[in-house]
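Shared between the two complexes below is chain A, which pairs with chain B and chain C, respectively.
After this line comes the complex of A and B, so read on.
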C-alpha cells in the first residue's frame, strides 16, 4: 500500500520536474503553455493520490480546483495573451539551451543536498519526492530569471507555484484549506492582472 | 467590543472600495465617502493601540484574528497613512481636472490595497498573512499605471513579476515551516496560527527552521525592498501616482518587514536568535549601502525618495538584528519613516503639479514659488536625513547605540558613515530644489508663484508636527506600545 502510494507520487513529481526541464529546449511560447498545462494535470494527479492514500478528503476538492484553474482556465488566458501578442515570435532567452540544461542539472543536485534535512525529519511515505519538489522550485526560478519573453516568465512563475504546492502535498499532505483557497485566489488574480498589464508593452526583462 | 473594534478597523476601506465600484455615475460621492470612512479605520486602530499600550490583552477574535502590540502598531501606521492618501487623493480638489474614471480606479484599488494590508497585520494565521501580502502586490500593481504611460506600465510589470516570484519564495518558506510543524504531530488545521506555532516552535528541527527562514527572508525581503532584490522599488515608487507612492513607501514596506519580524520570533524560539540576527544584519547592511550610495547620483526627486526608502528599510532591518533595544529602535524607525516618507511623496505630487517635471534640476526656487510646500518638503527631507528634532533622529541614534552595545564595532562605524552619506546627499539635492531662481516649466511657461493657505497644506503639516512631537517627547503611550511590540519580536 505504502509502496504503491510512494511510487505514484514519485511518478507524478518526476513528471512535473521533467515538464519544467522540457521547456528549456523549446523555443516557442505555446510549448511553454502546454508544458504548464500538463504539469498542472500531474499536480492534480498527485493531489488526488495523496487524498486517496493519505485519507484527506478535502484534497479531492483541491485537486479538482487545480485541474480547473491551472489545468484549464489559466492556460486559456495565457493562450489568449499569446494570440494577441504582436511582433517577434522568438523567445531569445538570456541563457542558451545547453547552458540552461547544465545549470538546471546543477540546481537539481543542489535541491537534493538542500532538501536532505527536510526529508530526514519526515516519516510520510511521500517524502521521497521532496527533492523533486525543491528541484522544481529552483528550476522554475531559473526559468523566470533567464527568459525575457513575458509569457515564458509568467509560466516560470506559475511552475514555481506548482513546485511549492507539490512541496506542501508531499511534505504535509497540503496546507490548511483556507490558505490553499487564498493561494488559488491570488494566482488567478495575479494572472489576470499580468494579462491586463501586458498589452502595449515591449519585451521587458526581469531586471 | 473586540469584534466591533475589528470591524471598525477593517470594514471602512472595504466599504469605500465597494462604494467606488458601485458609484459609476457619481465618483465624487465615492470620494467623499472614502474621505469620511478612512478616519473611522484610523480611529479604531488608535483605540486598539491605546488599549495595548496600557498593558491590555491582545485583541483575539476566534482563531482567525489576533492583534497584539506589534499588529496594533502596524495597523495604526497603515490606517493613518491610508487616511492621508484618501484625503489628498484625486477627486477632492476643486480645480482637479482628473478624469472621473481615473478617480474611480484610484478609490477602488487604493482601498482594496489598504484592506489587504490591514488584513495582513490583523490575521493570526501566518498562511493567511502571506495570502494578504501577496494580494497587496496585485492591488497596488493595478494602480501604478493609473495614467497608462509606458514607463508606468513597465515599472508595474517589473514590480508585479519580481514581487510575485519573491513572495512565492516566502510561501515556500511558510510551507517548509508548516511541514516541519506537521512532523511534531500537532493539530494541522491551526498549524499556521501564531499562538500554535509559538508553542510548537521549540520542537521544530533546527536545520529545517533555518532553511525556512532563508526562504522567508528572501521572499518577504523582496517585498520590503531589501537588497539584492530591491531593483523593482525605484521604478515602481517613482512611476506610481504620488498618493500611491506615499502608501507603498510609507507602509507597504513596513508590512513586509513586519512579516519578517513575525517569522523571526518563531524561528528564534526554535534555534536561538544568532542565526536570524546574522542573516538580518548582512542583508540589512547591504541594503543600507545600496540605498545610501545610490542616493548620491539621483536626478529625479521621486527616485531619490525611493532610494531613501531602501536606505531606511535597511536600517530597520539592521535594527531588528540588534537585540531588544535594536528591535525597539527599528519599530520606532518604521513609525517615523511611515509618517515622513508618505508626507514627502504627497508633497512631491504638489511640486510636480507646479513644475511639471520630475527632475531635481528642473525644480529651483521652490521656497520662492510655493513657500508652504517648500518648507514642509524641507522639513520631511530633514526628518528623512535624520536631523533633530524629528523622530528618525532618535531612532537612528538608538540603532547606533544598540549596535555599539551588542559589540558590533564595525557595524556601528559603517552605519554612522552611511547615515552621514545619506544625509549629505539628501540635503544637497534639497538645497538645489529650494533655492535659486524659478525658471520655466517643461512647456516653457513661467512657473506659477505663490500659494494660499489651503486644507491640503494643513493636512500635510500634521505629520510633520507629529514627527517633531515624537522626536522630542516620545509620548508615553507610543513608547509603551513600541516596548510591547518589541517584546513580541524579541522577548
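After this line comes the complex of A and C, so read on.
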C-alpha cells in the first residue's frame, strides 16, 4: 500500500520536473504553455493520489480545482496573451539551451543534497518526492531569471507555484482548504493582472 | 567451460544477426514510405559483394588507414562479448564490466575517426571532427545512464545488473530506471549514427557524420566497417533491451531456457528496431548546431537518473 503510494507520488513528481526541463529545451511559447498545462495535470494527479492514500478527502476538491484552474483556465489565458503578442516569435534566452540543461541538472543534484537531512527525519511514504519538488522549485526559478520574454517568465513563475504546491502536498498532505482557495484566487488574479499589463510592456531586451 | 561456449555462442548470434537488424530497419522504413524495399537478407548479399571487390586506396593514406578497420571490428567484437544476450548468467563478466564496454566502444570510434582523417580529404576530416564532437557528448551519457542501474544493483558488472533486476523487479519501477532508459536511447541514436543526429541512408549530404568518415574506404575494408557499424547497433539495442527489460532471459544453462531466451531476445530487438524505424520515419534530421542541445537533454536525464539512484539507494 505504502509502496504504491510512494511510487505514484514519485512518478507524478518526476513527470513534473521533466516537464519543467522540457521548457528549457523548447524554443516556442506555445510549447511552454503546453508543458505548464501537462505539469498542472500531473500536480492534480499527485493531489488525487495523496487524497486517496493519505485519506484527506478535501484534497480531492483541491485536485479538481487545480485541474480546472491551472490545467484549463490559466493556459487558455496564456494562449490568448501569446496570440496577441506582436513581433518576433522566437525566444532568445539569456543562457543557451545546453548550459541551461546542465545548470538544471546541477540544481537537481543540489536539491537532492540539500533535502537529504530532511528526508532522513521524515517518515512519510511521500518523502521520496521531496527532493524532486525542491528541484522543481529551483529549476522554475532558473526559468524565470533566464528568459527574456514576459510570457515565458510568467510560465516559469506558475511552475514555481506548482513546485511549492507539490512540496506542500508531499511534505504535509496539503495545507488547509481556506489557504489553498486563497492561493488559487491569488494565482488567477495574478494571471489576470499580468494579462492586462503585458501588452503595455516592451520586451526588456529591446532597450 | 560452459560459460566460454555460451559467450562464444552469444557473440556468434549477435554477429550473424547484425546485418539482419539493419536490413529489417531499412525494409520497414521503405514500407512506411510506401516503397517496396529490399528484404532482410539484402545486407548479407551486399557484404558478400563488397568483400569480393578490389580496393582503391588513396596515395596519401598511411598505415593507420589500413589498421583502422581491423581495430574498429576488433573493439566492437570485444564489446559484443561483454553484452549479456540471452543468458543472465553472463559469461563475459570475467572479461570486463561496464567501464570496459565503454572504453572499447570509444576505442572503435576513435580509430574510425583516425581512419577518416588519415587520407587528408576534406569530407573525411569534416566527418571525423563531427564524430568526435558527438562522441564526446554521448559516451559519458551512456556510461552515466548505465551507472544509474549499476548503483541500484551495487555492481558495475553487466551480468550482475541484469541478474539483480531479474531477482528484484521492484528496482525497475521508479524514476531512475525510466530516466536512464530515455537517456540511453537518445545517446544510442547518436552513437550509432541514426536520425535525428546523422542520416544513415545517404552519403550525399553535407551534414553526414558516419558516412563521411568511411567515404574513402572500399572493398573488404568498407565491408568490415559496415559490418562493425551493424554489430554496434545490434549490441546497443541488445544492451538497451537486456539492461532495462531483462525479463525472459535464461537464468540457467538448460537447452529449453536458452532457446526461450533466444526467442525473447530476438523479439525484444525486433520491437526496438521497429521503434527505431518509426522514429526515423517521423523525425527530420536536426541541424548540426542543435545536436548538442539534444545530447545535453539526454545527459541531464542520465544525471538525474544517477542522482536519484544514488540518493534513494
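Rule of thumb we're sticking to: the second predicted complex is superposed on the first by the 204 of 207 C-alpha atoms of A that agree within 3 Å, B and C clash if a C-alpha of one lies under 4 Å from a C-alpha of the other, contacts with A are read in each partner's own complex, and residues count from 1 in each chain.
The definition used in the following text is that contacts are C-beta pairs under 8 Å (C-beta built on N, C-alpha and C of every residue); 3 or more make two chains touch, one makes a residue touch a chain.
Because the structure is a prediction, the values reported are computed rather than measured.
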| item | value |
| --- | --- |
| Contacts of A:198 with chain B and chain C, given as first, second, both or neither | first |
| Partner chain in contact with A:150 - chain B first, chain C second, else both or neither | first |
| Superposed model, chain A: greater residue contact from chain B or chain C | B |
| Partner chain(s) touched by A:114 [first = chain B, second = chain C, both, neither] | first |
| Contacts of A:11 with chain B and chain C, given as first, second, both or neither | second |
| First (chain B), second (chain C), both or neither touched by A:186 | first |
| Set of chain A residues, in rising order, touched by both chain B and chain C | none |
| Of all residues in chain A, those that touch chain B in their complex | 114, 117-118, 121-123, 137, 141, 144, 150, 153-154, 157, 160-161, 163-164, 167-168, 171-173, 175-176, 178-179, 182-183, 185-186, 189-190, 193-194, 196-198, 200-201, 204, 206-207 |
| Residues of chain A defined as touching chain C within the complex | 3, 7, 10-11, 13-14, 17-18, 21, 25, 97-98, 101-102, 104-105, 108-109, 112, 116, 119, 128, 131-132 |
| Chain C to chain A touching residues, read off their complex | 170, 173-175, 178-179, 292-293, 296-297, 299-300, 303-304, 307-308, 310-312 |
| Complex contacts: residues of chain B adjacent to chain A | 125, 127-128, 130-132, 134-135, 137-138, 141-142, 145, 148, 150, 153-154, 156-158, 160-162, 164-165, 168-169, 171-172, 174-176, 178-183, 188-192, 205, 207-208, 211, 231-232, 235 |
